[in-house]
Each structure stands twice: as C-alpha cells, then as structure tokens.
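Quick one: the structure is below, questions incoming.
Should a chain be cited, it is by its letter among A, B, C and D, assigned in written order, with residues numbered from 1 in that chain.
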C-alpha cells in the first residue's frame, strides 16, 4: 500500500495561498503576489502528477481493477452515528484524472494571467480568487463523500461568482455573476434535496459504500416507490439537477454565456475546462447507483445531454461574440459527455460510454482551454469580443493562429487530434445503445465543425480589417501556455484511457470502429467546407441564409428567448406576484391586526367614558344596579 | 382594663392617645410654631409603628367582639407604615401658609381614621366592624374637602361622603339580612349558622357591594376617580393605599372566617368583579391626563389584581395579598410622592407637564419610573414578586383563565405606565419643569419608598415572614 | 461566589461603576472593559466546561449552585450550565462586546445608553445560566424592558411607536409564558407537596398529558413571540428598523435567541408528549415563517427591514428544527441560533456603520460602495455569504445540520415540509445577492459618497470579532457540535422514550 | 309574641323604605334631600334589625344595639355631610347636585 497522505497538501496549499493573498495581498507588490500564486500552483501540479503516476502505475490492482483509495479522512461534522461529513482525499481513476486536468489547466491559466491581467486593478485579488477556486475545485474532485463534494461544490460556485464579477464596477458583470450564482444555487437546491433523500434511505454519505455495486447501500430504497418512481431514482434525478446546473445543461444553461463577462482566463479555467464539467464528474462519481438502481434517471441524463448539445450547437452558429460562441460550444460538448454517460451501463463492454465520457472530458479540457486562451490573446490584441471587428489576423498573430487552428481541428474531430478519438468513442457508445441519440450526435458533430470554423475563418481570414493600432502577438507568458495546451490537445488522444479510466476500473478493450469513425470525420469535413465557403472571404451568403430562415435565425440568435422566459419568471412572478404581496400582507394584514387590537382597546376606552359622568346620582345608580344585578346573577342565574 | 388588654389592643389605644396628644399640643402649643406639630405627630406615629412590631399575644376582648392575632397584627403594622409615610409626605404641603392653621386637624383626623381601620381589622363582630369602617370613612370625607378654597376639593368631599353613606346603607341592609337569617353578628357564630339560602346570598352580595365600594371595585368604583382628583394629593395617596389596603384586609378576613360556606358563590363574585375591575380600570387609565386621576384608575386595576389573591381562599393567596398590599404601599406612595413633590413645587399635575422631566430632575423621574415599573410588575422590583405571588395563589386553585386575563391586562397597564415614562424620558418639551430641590421630608419619604420597592422583592425574608405568621385569622 | 453568578455580577458592577463616573468620556471605556472581562470569563467558562467534560463529569448540568430563595414556594436561585447554555453565553458575550464598540460614538445621554445596554445583557446572561424557571422568567423580563428605553430614546424613525409595539408584544408573549410556567409548576410533582421550579427536577416527572395540552402551547408561543414565530413576528421589523445599532445587534443577535432556547429548554424538554402531539401545528407555522420571512426580505428597500425579515426566516428555522425533536435537528437548531446570532449582529453592525456614513438605509440610494469603503464592503459580502449558508462560514454548518436532522423524521409529512424549508436557501441567496449587488457593486451612484472614510479602529474591532467567530465555527464546527450534542442526550432520551426514531 | 302585626309587615315596610330612600337618592336634586334619603335607607335598616330581633331572637339584643349605633353614626355622618354641603354652597353658590360636576371622564 503506497502512502498518499501527502495529498493533503494538494488541498491545503491553495487554501493557505488564498488566505495569504486575500488578507495580505494588498500589502504585497502585485507582481509578487501573482508569482506566489503561480508558484504555489506549480507545486500542486507537481504533486498531482506524482500522485497520478503513483496511482496508475505503482498501486496494485485487485483482479485487474483499480481500487478506490482513501488517502486520508477525518470527521468534520457529526450528524448521527452513521451520518457525518468527513473531509478527506479519495483517489480513484476519475479523481486522479480530474486532478491532472484541473491542475494542468489551472497552472496554465496562472501563467497566462501573469501576462493577460498585467496592470489590472486588483491583480492580487484575482490571484487570491484563483487560489480559492483551485482549492474548491480540487476539494470537489477529491471528495470522499457526497456532502464534502456538496460543500466544495458551493465553494466552487462562489469562487466562480467572485471571478465573473471581478470587474465589479461593470453592471453587466455584476448582473452576470448574480445570475450565475442564483441559477446554480437553484440547481444545488436539487442536489441538496437529492443528498437528503439518498442519505435518508442509505444512511451514509460515503462514496465508497454508496457506489460499491455489490454493497448494501446501492440497493436501498430502490424498492420504496414515490409518485411512480423509486425513491432512489428520485434522489438521483435531484442530484443530477445539481450537476445540470453546474454543467449548464438545458434549462439551467442560461448563466454560462453571460459568465463570459469575467476575465478570459477565468472563462478558460472555470467555464470551459474544469468547473462546468463538475456535473459530468458528479454523475460519473455516482455512476454505479445510476446504472444499477436508477436507470430511469440515467435516461434523463442521456436525453438532457443530447438535447443540450444540439440546442447549444444551433445557437452557437448565430452568435458573433466569440467568447459566447465558445461558451455555447462548451455546453454542447458537455452535452456529449452527459449523453455518453447516459447511454452507458455498469461494467464491461457496455461501460464504453463512461470511459468515452471521461476521455472526452479530458481532451475537451485541453482544447477548450486552448480555444479560450487563444480567444483571450485575440481579444487582448484587438480589444473587442466581436468577430465582426476582426479579420485577417493570421498575419499579426501567428502563434495564436496555429494553436487556434489546432484546437478547431481537434474539436471538429479530425484525426489524428485528440478530439477525434474521444468523440469517436462517444458515438460508438451511443451507437451501441440508442440509434436516435446517435443520429443527433452525428448532426451535432457537423454543426460543431461548422461554427468553429466559422469563427476561425472570420477571425484569421475573412475581410482585411483596418485596426487603429496594429494588433501584436501576445507576450511569452501568454503564448507558452498556448503552445503547451496545443500539444496537449494534439496528442492527448493517444492516452490509453480504456486501460486507465473505466466504469469498473478494469481494462476495456476498444478500437477505432471505422464504420462510425469515417462518416463522423466526413461530416466534420463537410461542416468545415461550408464554413470555408461562407466565411473564407467576405461573402453575402450568410446574410442571405439569415434572411431566408428569418424567424428560425432570429430565434436562434436570441437563444430561443430562454433568458426572457427566466426574466419573466423571476421579475414578474417571483418578485411582483409573490415577494411584494408577501411584504404587503405582512404590513397590512398581520401587522395591522396587531395594531387593530391596540386601536380597538383605545376606542373602547373612549366609548365607555360616559360612565364617568361626574354625576353623583348616576354613580349611585350604577352602584345600586350593579349590586342588584350581582344579586340576581348569583341567586337565580349562576348559583 | 388590665395590662394584658392593653397589650392586645395597643395599636388602637396608642393611636387614640396620639390623637389626644396632638390635640393638646394644638391647644397649648405655641401658635407661631404650628409646623412643629407635624414633626411631633410624625415622631408619635413613628413610635407607634415601632411599638406595633413588638410581639403580642393573640387573644379576644369584649366577649370575642375584638380579636387579635398574628395576621391582624401584620396588617395593622403594614397600615401604620403606610400612614407614617403619608404623614412624612404631607409636611411640605402642610407648611404652606394656607394650611398652617389646620395642621393638627389634619393629623388628628388621619389618626382617627387609622384607629378606625385598626379597629375594623380586629373586628370579631359586625358591630365593631361597622364602627371601624365608619370611623375610617367619615374623617376621610372631611379631609377630602380639606382645601376649603378649592371647588374640586369640596366636590370630592361631598361625593365621597354621600356615596359612602349610600354604600354603608346597602352594606347594613345586607348585614340585617344576615342577622335576620342567622340571629347573630359574631363572625364565628354566623359562619356556623350560614347555609346558603337566597336571603343570605342577597345579604352577602349587598355586604360585598358595600366593601367593594371601599376597595373601589367595578361597578362600585365610580366615586374613586373624582374624589382622588379633587382631594389634596396626600389624602389621595392615603385613600388609594391605606384605606384600600384596610378594606381589602377586612374583606379577606370576613370572607375567610364568615362566609366559608358559600365559598363557591364569592369565588364567582370575585371572578366576575375582578375581571371587570382590571379591564375597566385599565381602559379608563389609558386616556387620563391628570396624574392623580391616572393613578386613581391604575389603583382601581390594582385592586382587581389583588382580588386574584383572594379568590383562591388559600393560605398562599392570603399571604400574597398581605404582601402585595405592602409592596403596593411602597410603589404607589413612591409614585404619589413624586407627584406630590412636583405639585408642591410647581402645582403641575398633568402628564404633558412631565415632558422632558428626566433632563431637569433625573432623580425624581428615576424614582417615578421605578415606582411605575413596580406597579406594572416588571422585575427586578418588588411589584414583580407581588404580582407573581398573587397569580400563583390564584393558579394554585386552578383559576388559570383568570390569571391569563390578568396578565393580559398587565400589558395594557404597562402601556399607560410606559406613556408616563415616555413623557419623562423621550418626549421633548420647550418649557420643562425647572430643576428644583425638594426638602428633607419629601426626600426621606421617597428614600424609604425606593428602599421598600427595591428590597421588599429581593429579601425573601419579608414574604416568608408574612407567609409564616399568617396562619389562621 | 461561583463562576456562573459572576456573569450576572460583573455587568451589575460595571453598571454601578458607570453610574459613579462623573466624566462621560470614560463611560465607554469602562463598559468596554467590563464586557471584555465578560468575554474573557466566557472563554474561561468554555475551557472549564470542556475540561470538566473531558475529565468525565457526565452530569446534566455543571457548576450547579443552588440557593434557596423563597422557601414556602420552593423557589431557588439555582444556576448551572450544559454545553448549550455555555455556547449561548459565549455568543452573548461576543455580541455584547462587539456591540459596545459598535456604539462607540453614541453622544446623547451616553451614560444612560450604556447602562441600559448592559442591563439588557445582564438579563440575557441571567437567563442562560439559570435552571430555575422563576429566576429564568425574572431575567427574561429584565432583558425585555430596557429595550423600550433603548429604542425609544436612542432610536430613529417612528421610534416611540416601534418601541411600544415591541415591548408590548414581547410582554404579551411573557404573559402567556407566565401562565404556562405556573401550570408547569403546579404539575411539577405527582403528590402536590414537592412543587418545584427547578428544570432538572421537573424533567424527572411526567406532567399529565391534559395539562401539557394546555400549557405546552402557552409556553411555546410565549417563547415563540420572542423567537419571531409567525404571525407574532411583526414587532421585529419595526423594532429593528428603529433601534440603534448596538440594540439591533443585541436584540436580533441574542435576545431573539432567548425565544428559541426557552422553547426547547422549557417547552419541549418539560412537555415532550404534548410537543410531539402538537408539533405539526407549529411546524406549519414555523415553516411558514421560514419561507415567508425570506420572501418578505426580497421585497424590502430598507437594509434593516431586509435583515429583520431574514432574521424572521432564520429564527423560524430554529424553532422548526427544535420541533423536529431529534438529536441532529436540535443540534442544528442550537448551532443556527449561535450562527445567526453572530452574523445578524455583524449585519446590523455594518448597517449601522453604513448608515453613520451615508445617512440612509434605502439600498437604492446607495451603490458602488465597495470601491469607496472596501473594508466594510468586504465584511458585508462575508456576512451575506454567511447568511446564505456558504460552506466555511457558520451558516452552512447550522443549516446542513438542521436539514439533515429534520429529514431523518420518520413521517413523510415532516420530510416534505423540510424540503419546503430547504428551498429557502435559494430565496436567501436571491435577496442577499440583490442587496450586495445594489449596495456595493456597480458604479458609484452618488458622488457625495466619493470620500466616505473606511472603518475606524473601534469599528474594526467590533466587526473582526464577529467575522472571526463566524469563520471559526464554519471551518471547525466539530467541537461546537459535539459540545452541544453531548448536552442534548438527556433531552433526547426523554423524547426518545415516547417516539422511538 | 304572636299578638299584633306579623314580621312580614315590618320587613315589607323596611324594604319599601329602603327603595324609597334609594329612589330619593337617585332623583332628588337638592343635596340636603339626598342626605335625607340616605337617612331613610339607614332607618329602614334599623327597622329590619329591630324587627328581626324582636320577633326571631327576642332573648338577645344585638339588633337593638346595632340600630342604636347606626343612629349614632348616621348622626355624625349627617353632621360632616352638612358641613361639606355648606362649603359647597360657599363655593358653587348652589346645592343642586347636578351642578357639582367639575370633574368627569
């Protein structure tokens, strides 16, 4: 048994870094604090790679399966003797894999930001937030129990809130951060309820005992029914709500495009590579339960994933803000991953989808981070988000151009880039189990290629735009991460995921299935071709098309008015028809009754003052009548 | 008369002696130095009060017409303390020149009422009781009309004397019924011969009405406010505390000793009347502007609370009533003391005049606040303990509903007490009562009151003493 | 002199010291010193308590001292603490300490202000240490009354009205309470000759069920009024809005906790059968206050109103959890009391400081303050995050415990209601973020605010004290929850006896 | 003692007198008259006492004594009352009871 106890530092370091930069940051020099943060994360990255190496290549397997190792664990908060929140580190294939993803991208972003955020006000604040995020994300990844995961889940949410709202004087940024937090919070409510139901039935939070396919917990409550579904299914659906919120699945997706208000490195790190895939990770984490005792919930996952991928891809075709395009493509790619999980079963051949999903998660992290950082470099030089303001940039930004191209090819699934492999696995998995979803994904693959090259061409080729000051290539601090990531995106496809990350930890024999691979590559090329025709150089085709499908284009351009719907619900229904009435009711009914009691008392006291008339004889009269009435009362009426 | 006799009825005898001494002092004393008389009578009263606490044997006189026991002694002592305080409080007022000619009358009359009350408390026979109660009432009427040049004073006098005459008429009529049905006026005999027939109940109700008049229980209370307002402040305080206390005591004694047979009836009676009293008293108090009138109504509602102690007909209730009267004496005299001091200094008696008093006369306002809180039953002052024990006494016999109504009433009362506090502390005023320094007597009296308000509650020994002594009446 | 009584004696001495002072400038120093001492004492008490427990002292109450007071009624002055009261005492001393500094700049009648403030504190401390219903009630009312003057004299807005309303409604509560206590007292012994007010002794006997049916509601509602139980909560918004800073802090932070504490230490503990029988009524009421308070907060414009309504919601959660009547939920209730006490005090302190600078509490009249007064801004954000239950701050610990506990309830109805209550976390997030966004973020709206000064040293003391403790609980809840948990056992055992979970 | 008027007659007389007195008290406007009606009430009580004593308990004299005392007390009461009434007349220059209501409510 290898000793993994040092992994605690993977959690502690970023936290300490956060405290240091948060409390003392404004005292340090901006540059120093930036370097500190980067250095700290460097160490963590090193530790993670060490861990990954030790886990995958030196830890012993039991009958060919990777074991879940609890590196360390201590009780943080005791509820009952069975239920308690622990804080700890759980190592298993997916968590280690995520460890790599998070630290790599995060490290890249740290370096990149040194250049990108140079001279920004609140530089040290930015880095402290980044450290906070890294801490939370790693905690989420390494959680040993679902409640720990929830805790870090929330922390991730808040750090994303803080980073989106980094430019807190910009109203749009503030609005976006608020939106992001509240939408995800709403989803997390589902997550929490799911946890409650789960824990009520299984009486445990611990992942290992929860997800042990032959354990007692997993079958708990699948017999108890509620409104037609088993409580287990209900809890899993609720948990998935949480995942959908973070991963911007329909209908919780609305926060992601707006989240692009944040600094671009943040978008790359949080809203492309790491945090948004937390939902996928969550489902993967609970996968045995989904697969074994809540298949219905798994179908929900599949269909939601599929729909989102299509829906987002369509919208992506119409947006002109490059970061938003990338955001929608992120959604659609995560849709892929969800779908892959959804179509998978537990163990063996049928577990292909699971492995594919994780694979795609990995590759996607690489190329999507690359895309965003590239976009960042572009924006950095052009000072605009809109591709309408760009064109012919290939001359000015060679490195960015190449890396961006690689990324585009990768996401379009063109071999030999990594995207091809992972996407191919997913399609294969879909093909195995559900032809309809398979068809959908095929279409999406094409659309993806189209819109990616749409922006590629219109940025780097297209019309020769005149810039008031000529764009210049980004500094090394920014280009180096691009290059590294580009390499990662290019080659990570050759990582033998089927040996490392599978649903049951055993090795899974896979190969390129040409029947699926070739058409998918072709459809990708087709999409590229169309984009080439439309955007290689200035042409009127796009406008013609837009005019032709006027309404559908308008709908897609306005993101199918989902935002407006939300706005309607929150502003009109919640605020105007619930909150305001409640406040009114409280003032004018509940409170009023209390005041009425008082005023009634006063009124009565005014009414009865006539008794005190000052007339001696009236007094005497009352006296006598009183006496007689008492006498009558107690002699005849109430004896 | 043997020395034993003297010992037994020393309260009355000493008081009579005191009255005579004051009279002699009036006759032979130096007409210029009238003010000395007040000091003299205060000293006498002080001595009597002190002597009252000496141990004395329980016993009977005049064939059981006069009874003395531990309980009754406590009651008398409490009354004496109150009277002493009133004496001290009156000095400043008496030193004014329009009163300087009537100092001795004032004290003689007061003392004689005190004699009446003591006599009445010691009654073992309705005749003594009747003599006592009249002796306690008639001089008060004269005192109420003491300010000969004030219309209100005269009006107060006539209202008091006539309505009390009527009430004693009714009371006597009731007694005659009881006499007719039992053939005796001895407390112990009557209780034996009592058996709950209509005529007796009628008699009881009429008797009760007569007593309720003295305690100013609704609906027999209407004279109270006017008389309190009209009479000189000192007399008002005396009426509101001493007379009321004495009447409560004797009513309690008679209820417990004479009418145990019809306990069910008088519990109902008290139930109804106490609810009426608390509520009506509070409702009237809310709107009052004149502080004397205000305190009059507050004292009415206080009487209602006191009845909660009676209703149980139990030891605890009895003890708590006696205790509460003691507390009430301190609290109410404290409040009145402030009113007296201010009306002596400025002649102002309205709540509005008190606006911003705290900023000019902080001490007085604090004492007032303390007294009012004690009346409202706010801890940690004595009033809280008093009320708590009263309620406990009622609750012991299961009158939870009554207790609930009572405590809800205390909220109303708290409201109007707070109005005064608000006036003194919060309200702003362009011409507040100017800061003034009151003389020794006032400060002394107020000091005693404050001490009483604070100590009586915490020092459990006082309550315990009352509790232990008051076994049997 | 036992250590517990010191908690009453020290404030009293402080008061006398203040009264003897001639120079009003020293007043605040003296009070700060006295309350600092109190804070020290609280720390010592926590330490002593834990060490005593560690030494294996398993009595229900520790440091018990008992003096016979009114022999004939068997009324004692008896004090004693278990983990719960220790925690509450610590909370109180923290809030009071912070409150002193928050009201550092009171000018008008300074002496009187601090006297009444500390008097209020005295009542609260007395309430938490006493285990005799009579003394408990005494201190309870003692704590309520100074509010009137504090709000009436030093308050703002319609202060007389609010003060009167608050006082009368709370007194109304204590009126019901008094009847309830008397009822308990006269049923406290099977043979009516050993009647007692002592909680521990009463808890040993079973009060006959018919009596419980009458007196449980009285007691519970009586305390509930102070705990802002719907629909008896309306004193809270007005009261808080009109009260001066420190008073709001103490009131929302500590005084409202008397309600929750009493509801569970007296009502539930002594009359579990009725509690179990009638809990559904109050569960409905409390869950209403949880959601309703949160919604009410969304629509408010005045910072203090927002906070008052959120207090309604949070305190509703306390009573809600108490009524679930199982170990975890009750544990959560206590933690929630403490956490809410700290963070709401923090809120009111900050609001007071903002008001002191901007002279408005209407959120729309402020904006973009974060840039101008970063320290206060950040503190406000932290307070907000604590109140929306962010992990790592105390709010989360409390709410998680409550929800998990409540959801363990065997009956479906209770679980569904729980889900209703859980949903409040979203609403909370909405109004907290709404305020933060309007108040602190965005561009600065009012140029007059451009040069507002950031926090002064005494303000920093006050705020940092509170934030420190909020974070401490949030990061390391285990010691607190275990301290409370062990003390809950006797109570739970008494309940378990009748409804086995 | 069975000769002459039976007890009931006395009682009826007394009752009638009592209520006459009450009626007078309530209706007369002149303070003196009101005082007289009070006397009427007290006398009715006296009659009661006498009659009861004479008819029911002839061997004891409590009733008799009681009425004696009542008479005496009534006299003193009247004295004080009249004194005050005189003062009233000085102040208000009337002894009409309705005019004597400076204080009310």
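As a working rule, a contact is a pair of C-beta atoms (placed from the backbone, for glycine too) under 8 Å apart; a residue touches a chain by one contact, two chains touch by 3 or more.
It should be emphasised that the depicted structure is a prediction, and the values quoted were computed from it without experimental measurement.
Participant: Point out which chain occupies the most central position, where each centre is the mean of Cα atoms.
Facilitator: Answer by centroid distance: C.
Participant: Where the CA atoms of subunit A average out and where those of subunit C average out, how many Å apart are those spots?
Facilitator: 37
Participant: Between subunit B and subunit D, what's the gap in Å when you average each chain's C-alpha atoms?
Facilitator: Result: the chain centres lie 27 Å from each other.
Participant: Using mean C-alpha positions as chain centres, tell me how far subunit A is from subunit B in Å, no decimals.
Facilitator: It comes to 78 Å between the two C-alpha centres.
Participant: Round to the nearest whole Å and give the separation of the Cα centres of subunit A and subunit D.
Facilitator: So the centre of subunit A lies 97 Å away from the centre of subunit D.
Participant: Identify all positions of subunit A at which a residue touches two or more other chains, and write them in rising order.
Facilitator: 609, 612, 614, 616, 620, 624
Participant: Mark out which residues of subunit B touch at least two other chains, giving numbers and ranges.
Facilitator: In subunit B, residues 158-159, 162, 166, 170, 225-226, 287 touch at least two other chains, as defined above.
Participant: I need the residues of subunit C touching at least two other chains; which ones are they?
Facilitator: 168
Participant: Where do chains touch, given as pairs?
Facilitator: A-B, A-C, A-D, B-C, B-D
Participant: Going by the contact rule at the top, pick out the subunit A residues touching subunit D in the complex.
Facilitator: On the subunit A side, the touching residues are 609, 612-617, 620-621, 624.
Participant: Give the list of subunit B residues in touch with subunit D in this complex.
Facilitator: 126-127, 130-131, 134, 138, 141-142, 145, 148-152, 154-159, 161-162, 165-166, 169-170, 172-173, 175-177, 179-180, 183-185, 225-226, 229-230, 287, 293
Participant: Which residues of subunit B touch subunit C once you look at their complex with the stated criterion?
Facilitator: Result: residues 316, 319, 373, 378-380, 384, 388-389, 391-392, 395-396, 400, 403-404, 407-408, 410-411, 414-415, 418, 421-422, 425-426, 460, 463-464, 467-468 of subunit B touch subunit C.
Participant: Would you mind writing out the residues of subunit A in touch with subunit B in their complex?
Facilitator: 601-602, 604-606, 608-609, 611-612, 614, 616, 618-620, 622-627, 630-631, 633-635, 638-639
Participant: Subunit B touches which residues of subunit C in the complex?
Facilitator: Result: residues 69-73, 75, 134, 138-139, 141-142, 145, 148-149, 152-153, 159-160, 164, 167-168, 171-172, 175-176, 178-179, 182-183, 185-186, 214 of subunit C touch subunit B.
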